[in-house]
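Right after this note come the structures.
The same subunit A turns up in both complexes below, where it pairs with subunit B and then with subunit C.
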Partner chain A sequence: MELTSHLASQSFPTLPTYDFAASLDKTETQAARQTVGNPFLENPRMTCRDVAVFYGEKEAIRGINIDVGCNEVLAMIGPSGCGKSTLLRCLNRMNDTVPGCRVEGEICLDGENIYDPSVDVVPLRARVGMVFQKPNPFPKSIFDNVAYGPKIHGFTTDKAELDNIVETSLIKAGLWEEVKDRLQEPGTGLSGGQQQRLCIARAIAVSPEVILMDEPCSALDPIATAKIEELIAELREQFSIVIVTHAMQQASRVSQRTAYFHLGDLIEVGPTERIFTNPRHRLTEDYITGRFG
Partner chain B sequence: MNNSKQTVDKAAEKKKPMKPFSVHMNKDLQRRYRAEKWFQRSGIAAIVIALSFLLVLFASIIGSGYTAFRQTFVELDVHFNQDLFKNENIAAADYPAMIKDSLRRTFPEVKERRELKSLYMIVSPGAAFSLQDMIKENPRLIGTQQKVWVPANDDVDMLVKGQMKASEAEDNRRIKDDQLAWIEKLEKDGRLETRFNTTFFTSGDSREPELAGIWGAVKGSFYSLLITFLLSFPIGVAAAVYLEEFAPKNFWTDLIEVNINNLAAVPSIIFGLLGLAIFINFWGLPRSTPLVGGLVLTLMTLPVIIIAGRASLKSVPPSIREAALGIGASKMQMVTHHVLPLAMPGMLTGAIIGMARALGDTAPLLMIGMVAFIVDIPGGFTDAATALPVQIYLWADSAERAFTEKTSAAIIILLVFLICMNAAAVILRKKFETKW
Partner chain C sequence: MIYSFLLLIILLLGASAYFLGTARAVAVSQQTGGMRSLHSLPSHYGALTALGCVLPALIIYALWQIAEPMILTSMIKGNLPAEMLKLSANEFGLVLNDIRNMVAGNTLSGTGNPAVMAAAEQYISLQTSAGRIVSMVILVTMCVSAATIYSRIDIHLRARNIVEGLIKIAIIACSAVAIFTTIGIVLSVLFEAIRFFKIIPLQDFILGLTWSPQTAIRADQVGSSGAFGAVPIFVGTTLIALIAMAVAIPIGLLSAIYLSEYAHPKFRATAKPLMEILAGIPTVVYGFFAALTVAPFIRDLGMSVHLDVSSESALAAGLVMGIMIIPFVSSLSEDVLHAVPQSLRDGSLALGATQFETVKNVVVPAALPGIVGGILLAVSRAIGETMIVVMAAGLSANLTFNPLETVTTVTVQIVTLLVGDQEFDSPKTLAAFALGLVLFFFTLCLNIIAIRVVQKYREQYE
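Our next item is the complex of A and B:
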């Protein structure tokens, strides 16, 4: 863990214990960065083909091919700055809001390219929901937090139906028992873990197909984290989930497939169990055995 | 690397034996605490100095202005002589003659023409208007004799309030000895008293200090500020929201931002000149009106509101924006449902502070003719009017002694308005402050 923070604060080559830049010379780089393992699935929900993202001139990720299956949890791991969050934010076009960000390649949801000019991002983001690193409930009541999505998408104008949606979403997010008596209290008054589950309830209230989670537990204590992980396992039955995480144990606990990213490349994809027990690529092995990151 | 550092440390140790840590620390700590104390004390001293200046300012203004809220009145036995109401139009009757008649009857010993003239000076020229108002209200008074309280002349007022000393040499005061005697007699008969000065709050400007009031200026300021608020707040908020949330970051928006900041720093008299050139000369809007005043003040307030608005939009955490976008709110919904409500208290505060500045600003109004002497109380946006700060400027310029206290009183009124507006800003901020 200490090494992770060290990595985050310093640039890569100066790392004392593992000098990555020196270990790979230019000719080796190309071959070393071919994705190991099979990133493709038979019946995918989302597909990424040759995705490259640029922030201005800088290339954040390049040539990524990966599928997201139905009813699976895909974990994306890798050291800071490897591009996993960037890819995640491409999946519901949240990167559109970043000035100077450019996405190349093709990302499809149910066979439809979401970067096609004819696609409207508003319904897309309803279909691909997102949970952020820091719990970010609206400074409104718990009820309004969950009801906001269904309201703006015009799911219902009926008060009873809306109540129903809110209740089911909160039940699914495992928060109902804790908040059912205080739905009108501000969502910001909940504890961190509850806030994050409220954000999950808010995301599933618009019944998305895919839920993206960007380090959803990094701001939470271990007990709250355990609850969220349980929740993820339950949600998998209904949704596809893509989770970015720094905690490798978390990835191994919640996910079915794991993708390891390194400096903008997808290094290795495979069933979580195999990745953590028998990584094929040297970089993956180094990372999960804690030689860096 | 670590090794080399250790050797350096060892060398230093050899040169100068280290004192025990506690000794070293104590000395250093004391020095640090001293520095902090010194800093705190100088801060307190600065605040005390600033507050005492403010106190001196308030004390001097209130001290010289509070007397303006009282006014001396004289009681006269007025005979509404039937003969003077021969004309059909009762408003055109010779009311000054009735005043003079009653004064002559009060002091029958005064006969000489010059003496009479100075006797008439005791009562305000506005006394005739009070009679006119009485008759207008109740025409049946014609032919009767009534006891009427009419305002005294400003010089009498000054004398009664003690701002003119009877002990001074006769040549140095405007009330002469014979007048002094009459006033003393009136006082003895209980025909002279000071009352609350309602005129000051209900009438417009006048050349006679005892008839001058600030209501015209207050209404002029109100109309101007109403225009200013109605224009500058929506435009300012819209501009701030567009620039902060929608506009692309490029050369042009940078240029606009720089120029908005420049506009906020432009001296207000320049805006006055602009108003004169564009609104009055080019568009042909009427001079001296709250309409033009409000437009000019809008120009002045807009950059302030835009800058405050952008600052409060910036202070809304980006996580709220992401949350809204993340569940499929459109950008417009994100702004109107989440960002604007959170930024609104800050925006309102900025707007109120901008408005307070506009309320106190004089220079641009001088340029567009709101400095004219206007007796009538404005009834709308296109009536000629003055504004509060301009009224202060006008009265400060007047020769009559009684205008000194009126000036201070008007400043008190202006300060009260400013304090109320700033308090409203603070209360709004406190009330709508959202925590997340």
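Our next item is the complex of A and C:
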């Protein structure tokens, strides 16, 4: 009796198989840790400097420094709750809609701090588009889904030009051949993979500079995933892409650089090939070899 | 008196049958290797015994309640004086009625007739002794049927299936009550309406432009012959409903949008119930609010700009009715707006849409079927509303679209036609049923459309 109650009160650390806390120095867990690898680029599209995000009192990410290059795919990987999606949502200020969310530090798009009070969030989001985890076509026709962005931003009032934008966007998203005969049918009637490509077409239609993708294939089957991955490779020629993914195979297939996040810290960043063949930090190695995560 | 005592005994016997049955099942199971060998739970056996005890009793009791007057009446007939038996069927019915009245303690018309009084006394004594006999029969049946089931309890008896079956029958019976009541009401309105249409042709009713239901009661009476053109009152109903919707839709919808899309969750949690309180105010309160506050205010306002406003105007009734149905519109719309997935809002915001653009182009269109459903329910509520229009809209059936004049509605006319002393075969009274039928048909159509639209919305997101 005595012994068992003693054991119970001494409760063991949270994870029996792999103990994160023990692997970190005590000072390390409190302050932001030095990132392994060079997060900076010569000619970046976006830059993050000392970015920290709080949800209420809780610090979700801290001291993040990372650049997003032009015409590159940056993959962000890491276990759930590591802050990769939080950082992604900071890049077009989608975190503004989350109550109690506070962002510190500086995030620049083409040298301009997007968190500066003078910056209007509406044109910013037109420049930094986003594709979500679950396909979320509007309950409108396929045409109206793609035309939505151009219409609200007043890109054109000319019907022919709008048709042109819709067609180009759908072609770029690799969906045109499948839907060209049924543009007036509802977007929600498409298959999951088609819906996600429709969402990509919708994002492309406002001609952004950066496209953020938050686990864009996690709700799709392997064939639809392969199509989206091909599409990402093509889109890189025109846009900068930041993709959050849980599938490490996917990160290694589609990205040029990979960043590994762990419990709110950016642990390691570098060329994708190097990260996956020769990780320098033990946490990165453990994660990509599947020892946890 | 004896029956209420009997009912208590039936319940007590039922309860003890339950415990006896349960105990017996447990005892049986212990002889044959424990609880697991039983087909059903012990409580199923208990319930079966209790039901077997109570159900026959209730059935006999109900049958006797129906049969008692007939049996007892035929028994006292033989003792009535011969000259009474020779009376015609109608007059004999009156005599029997007197007897029954006397039995029930109402000695209004039969006073003084010794034969009737004797018959009534005989009836009462028969009733008392029959009550005793029936009670004994019931108690014996209860004991016999409970004992039969009790003796049959063994591990193979499928008590659970029988009890579940009986529960299912009880549930079906309850829902049948609701359905048959509805059917009964519809049919009674329908048959009375058909009687009306035999007197006044259907096309006169539906297409007639004059409504003046006063008819002469006696042939020699000076009075109008009545005109039953329902167009003015349907126009009045439509006018008031339109005014109400013109008030309720913008205010209700916009407040729903505010609560769902803009308000802080804490504010929403307080404000929504507050708004729903509006729906809990009795309509009669709205009615005198309309008649005593709003209508005079509108008249004074009209007079200040030299407009001729009657003191009971469609505008006053419509405005107050609109306020009354705001919570229907806002609460239902808020629910559907809130149910629009957040991912749609995120998708729109991420494209650089402003919050209002998102609401206007994505959230409201996605919720539109549900909003329309809510509005249609509010409309049928507005059309069926009575108290406000009785007090504030007036009685004269003007064929007008001017909201400043007095109009009347279907419900008000039904009320005025049926209030007071009426004869039930004059077209004036029967007109109420015809109006009711048309009104019912109207709101039924609206409700069917509303339900269809809401269903369509549900299919989209599930």
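Definition applied: the second predicted complex is superposed on the first by the 273 of 293 C-alpha atoms of A that agree within 3 Å, B and C clash if a C-alpha of one lies under 4 Å from a C-alpha of the other, contacts with A are read in each partner's own complex, and residues count from 1 in each chain.
To be clear about the criterion, a contact is a pair of C-beta atoms (placed from the backbone, for glycine too) under 8 Å apart; a residue touches a chain by one contact, two chains touch by 3 or more.
Given the structure is predicted, the values throughout are model-derived calculations rather than measurements.
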First, second, both or neither for A:Ser118, with subunit B first and subunit C second: neither
Touching partner for A:Val206 - first (subunit B), second (subunit C), both, neither: both
Partner chain in contact with A:Thr157 - subunit B first, subunit C second, else both or neither: neither
First (subunit B), second (subunit C), both or neither touched by A:Phe138: both
Subunit B and subunit C contact sites that coincide on subunit A, given as residue numbers: 92, 94, 97, 99, 122-126, 129-130, 132, 134, 136-139, 148-149, 152-153, 188, 199, 202-203, 206
List of subunit A residues in touch with subunit B within their complex: 92, 94, 97, 99, 122-126, 129-132, 134, 136-139, 148-149, 152-153, 188, 199, 202-203, 205-206
Footprint of subunit A on subunit C - complex, ascending: 264-265, 341, 343-354, 357, 361-362, 365-366, 460
Contact footprint of subunit C on subunit A as seen in their complex: 92, 94, 97, 99, 122-126, 129-130, 132, 134, 136-140, 148-149, 152-153, 188, 199, 202-203, 206
Residue ranges of subunit B touching subunit A (in the complex, touch as defined): 248-249, 317, 319-330, 333, 337-338, 342, 434-436
